[in-house]
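Take a look at the structures listed below.
Shared between the two complexes below is chain A, which pairs with chain B and chain C, respectively.
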Partner chain A sequence: MPIVIEQLSHTYLPGSALAYPALSDITLTVSDGEFLGVIGHTGSGKSTLIQHFNGLLLPTSGSVHVDGLDTREKKLRKQIRSLVGMVFQYPEYQLFEETVERDVAFGPKNMGLDDAEAATRVSEALCLVGLDPAEFAEKSPFELSGGEKRRAALAGILAMRPKYLVLDEPMACLDPRGRREILALIESLRRDFGTGIVMVSHSMDDVAMYADRIAVLDKGSLYLVGSPEEVFSRGAELIEMGLNLPQATQLVRALRKRGVPIEHDYFRMDELTKELVGRWRHER
Partner chain B sequence: MNANITLGQFLPGDSAVHRLDPRTKILLMVVYIAIVFVVKSLTVFLLPVVLLVVMFAFAHVPASYFFSSLKPMRWLLAFMFVINLFATTGDTILFQWKFIRLTQEALLQAAFMTLRLILLVAGTSILTLTTSPIALTDGLEKLMSPLRKLHFPAHELAMMMTIALRFIPTLMEETDRIQKAQMARGADFESGNIFQRAKSMIPVLVPLFVSAFRRADELAMAMESRCYHGGEGRTRMRELHFHWRDLTATLLLLLVLAGIVVWEKLPL
Partner chain C sequence: MPSEAIIKLVNVGFQYAGSEKTALKNISLSIKKGEVVAVVGHNGSGKSTLCKLFNALLLPAEGTVTVDGMDTSAEANLLEIRRRVGMVFQNPDNQLVTTIVEEDVGFGPENLGVPPAEIRARVDAALGEVEMRDYAEKASHALSGGQKQRVAIAGLLAMQPEVLVLDEATAMLDPRGREEVLSTVLKLNRERGMTVVMITQFMEEALGADRVFVLHDSRLVMEGTPREVFNERALLEESRLDAPAFVKLRDDLLAAGLPVSQDAMTCDALADEISRALTA
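Coming up: the complex of A and B.
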């Protein structure tokens, strides 16, 4: 069953002088095992939107249902939060326990799992993120490196075995290798466990590469939802919104300007590379 | 999360009160507090009440801010009222039931003390509502600077206050974020008894402290790399100047104080 968002509007501090409408009339569905990319300019409401996925924020009007469970029902909230894992920006800043093991176990313990089950989940999650439990379990989370901290924090959420994973810029401030590792992890979660992914990103290349569908937010409204082809074929509108095009699409445009006839609108670098290499071979 | 707290919140504007020199406003606040404490009878209380209304009007502060400045104090106010109601002795009994006794004197005293506290809180909130934190600490630094002769660290104290004020919203935001991140991992801050709730704050407090220290480090580094070396020989971008309006306001308030003292002494 999917996450269904219907006519969601959210206003911060409603009824006061500081009332600020952050989202208006958003209708969106995230299917099982789908990878939804969310893009939008700073202040377009991305963070507000994703906090509705597990009931951290509640709709001012409209509704959000996770597998049929209404996020407004207080009794269901714990269940919803174990279904939808939420990775905030810079998740490493939420580490607090004395050891990595205990920190990762925080979520499973809150779900009411016993120690044995929690321990299984911890080592499973640490393996998933590429931290060897034998080496890292007993370390203090504060003595890890930046990239390791982030992966430990991610493990803390994966240990809850969420059916959906919502990520707010999970690659921000990571070096290229860190980025690749996190992206590979997200991809493998989807492939091996069928986890549905919602990822907010400023990197057009990442969403172009991995997302099945892309939601474009602009000034608190859902401007457009569609496949990467559909979204990135509307380049002018995206640039108008302060967004950009994937590097591959930019390269295609630049090449066309120079008179290289490329018929297809590429948006993934790997596909474009294949095309260009093929062309080059053909010409030789 | 705590956006409804008015205490210590600045409301930007360009009213007569906003344009007063911060030093004037701090000193006038002292006079105002003196006025509120000098008043000993309920009838004379009319004067500071009128004064408060006039101040709110001149500052262009909506009346809603008056109520929201009192909101965080509501339990203290209620507590004060009840304590004074039953702890004051008197002869004119209005109501008696078993050991509970309500006298007219006590009722007056309770109303009196509560009103005094309301006037204090609402009056001082005008200072913070109309003075930006920067101006406020600038004013304090200037006022305290004569004490430097006695090796009192006026500049350092003012700088610490500026930084503390600057970081309140940042840390509030951070708390909110960390709290949400832990809630997403199933943390529960709302149920359980007081000890369980205090314990449930650990996952928020530890990261909050870690980040506060990190921010302090970064700020110190940023200040040093811009050659900050304390207040010695430091000039400022905006010098404070007294204007005629500062004099007018001071005279007006002193007049009210004098009026109240005289009124109190007169047999009415």
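Coming up: the complex of A and C.
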């Protein structure tokens, strides 16, 4: 069953002088096993939106249902939180225990797993995110580098094996190889376990390559939702709202401007390379 | 090219208290006045630690760090060093110390003893520079992730330091925001001769620097122009890094026999080269 968002609006501090309408009238469904990318300019409402998916924020109006469970029902919240694992934009918000090991074990233990099972999950999750347990398990999460903190926060969520993974800029501050590895990991969770993925990202390349559909937020409204092809065919609008095109697509556009008629809007550099090499061989 | 060193490290080693691992090993480098340098390296390689040595937030366990000739280990130099070298942290929450955006931006200059009227002017200008004037009176904690980064950058600009140190300060910005901050910083470099040190995981961003430093496992393993560094594909790979996407494309095209210039490293430069090759 999916995550169903219906006519969702959210106002921070409603009724006060500081009331701030951050989302208005969003209707969107995240299907089972789908990879949904979420893009939008700074302050467009991405983090506000996804924090509704596990009931951390509640609709000012409208509703969010996770597998049919209404996030407004207080007694369902624990169940919803074990279905939807959320990694925050700043990992510091979810690291609070004395050691990395305890931090990662927190979720599984909270779900009622026994110590042995929790320990297995911890070392498994740490390895998945590229943190060697021998080196990091006993370290304080506050004594990690920025990228190590992000990996630890992700491990804590993976250890819960949630049905949906909701990730807010998970690649920020990861090194290039780390990005590749974590993206591959996310993709494999979806393939092997049918985990549904929601990923907020400022990397047009990442969402173009991995997402089934992309939701574009603009000033608190859902501007557009569609396949990467549909979304990135509207380059001028995206650029107007502060976004961009994948790098390969940027090059395609730059080549067209110079009179090289590439028909397809490539997202992947390797595919574009093939086309360019093909053309070169053909012309000779 | 100016040649005077504003920051100089000689045989620097650093280890965090209570940690078994050394965070920096035997690092010697110098950064010239008016230079733009990028620092790249894998997670945990020591980038943030290195940059915290530049303004005496951390002191070397071995070797010396000097800023404009002043030893950072001498407490008497502290205020002068902080006046010269300003920094944006990797996590802006560590920077936003007061409750209101404009107070946050004014906090740095106030600590440096800048007179109130001047602070006002600097805060307005800095918030304008990062397009956050509309948020001047908002609570800092009630900002989006990218808005926090913008405010942290404004705080740095308001201090008008001689050296701007940006620790992945644009990691959460949208594509346009990232371009704008980068061009603001490069403008300050050009027009006011500010020295810029930027840590980044975006190799494309490092292309705009005069020099790139590569850290790997606490050591400085490469330094050179972006062209020199990003042409060392095997060494980069070994350091868990990557060349910019357009550099990789250029190399793949060269390998397939397309005559494109070794100097082409950006989208526009490659587009020029490819269209020339294909329409020749």
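As a convention for this text, the second predicted complex is superposed on the first by the 255 of 284 C-alpha atoms of A that agree within 3 Å, B and C clash if a C-alpha of one lies under 4 Å from a C-alpha of the other, contacts with A are read in each partner's own complex, and residues count from 1 in each chain.
In the analysis below, a contact is a pair of C-beta atoms (placed from the backbone, for glycine too) under 8 Å apart; a residue touches a chain by one contact, two chains touch by 3 or more.
Given the structure is predicted, the values throughout are model-derived calculations rather than measurements.
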item: Fit-or-clash call for chain B and chain C when the two complexes are aligned on chain A; value: clash
item: Partner chain in contact with A:250 - chain B first, chain C second, else both or neither; value: second
item: Touching partner for A:277 - first (chain B), second (chain C), both, neither; value: second
item: Residues of chain A touched, compared between chain B and chain C (which is higher); value: C
item: First, second, both or neither for A:37, with chain B first and chain C second; value: neither
item: Which of chain B and chain C A:96 touches, first, second, both or neither; value: first
item: Overlapping segment of chain B (options 164-172, 182-190, 200-208 or 254-262) - the one that collides with chain C in the superposed model; value: 164-172
item: Chain B/chain C common contact set on chain A; value: 18
item: Complex contact set, residues of chain A against chain B; value: 13, 16-18, 51, 54, 56, 78, 81-82, 85-86, 88, 91, 93-96, 106-107, 110-111, 142, 156-157, 160
item: Of chain C, residues touching chain A in the complex; value: 16, 19, 21, 41-44, 47-48, 90-91, 93, 139, 142-147, 150, 168, 171-178, 201, 203, 240-242, 245-246, 248-249, 252-253, 256-258, 267-268, 270-272, 274-275, 277-279
item: Chain B residues touching chain A - in the complex, by the definition given at the top; value: 3-4, 62, 64, 177-178, 180-188, 202-204, 206-207, 210-211
item: List of chain A residues in touch with chain C within their complex; value: 12, 18, 20, 40-43, 46-47, 89-90, 92, 135, 143-148, 151, 168-169, 172-179, 202, 204-205, 239, 242-244, 247-248, 250-251, 254-255, 257-260, 269, 272-273, 276-277, 279-280, 283
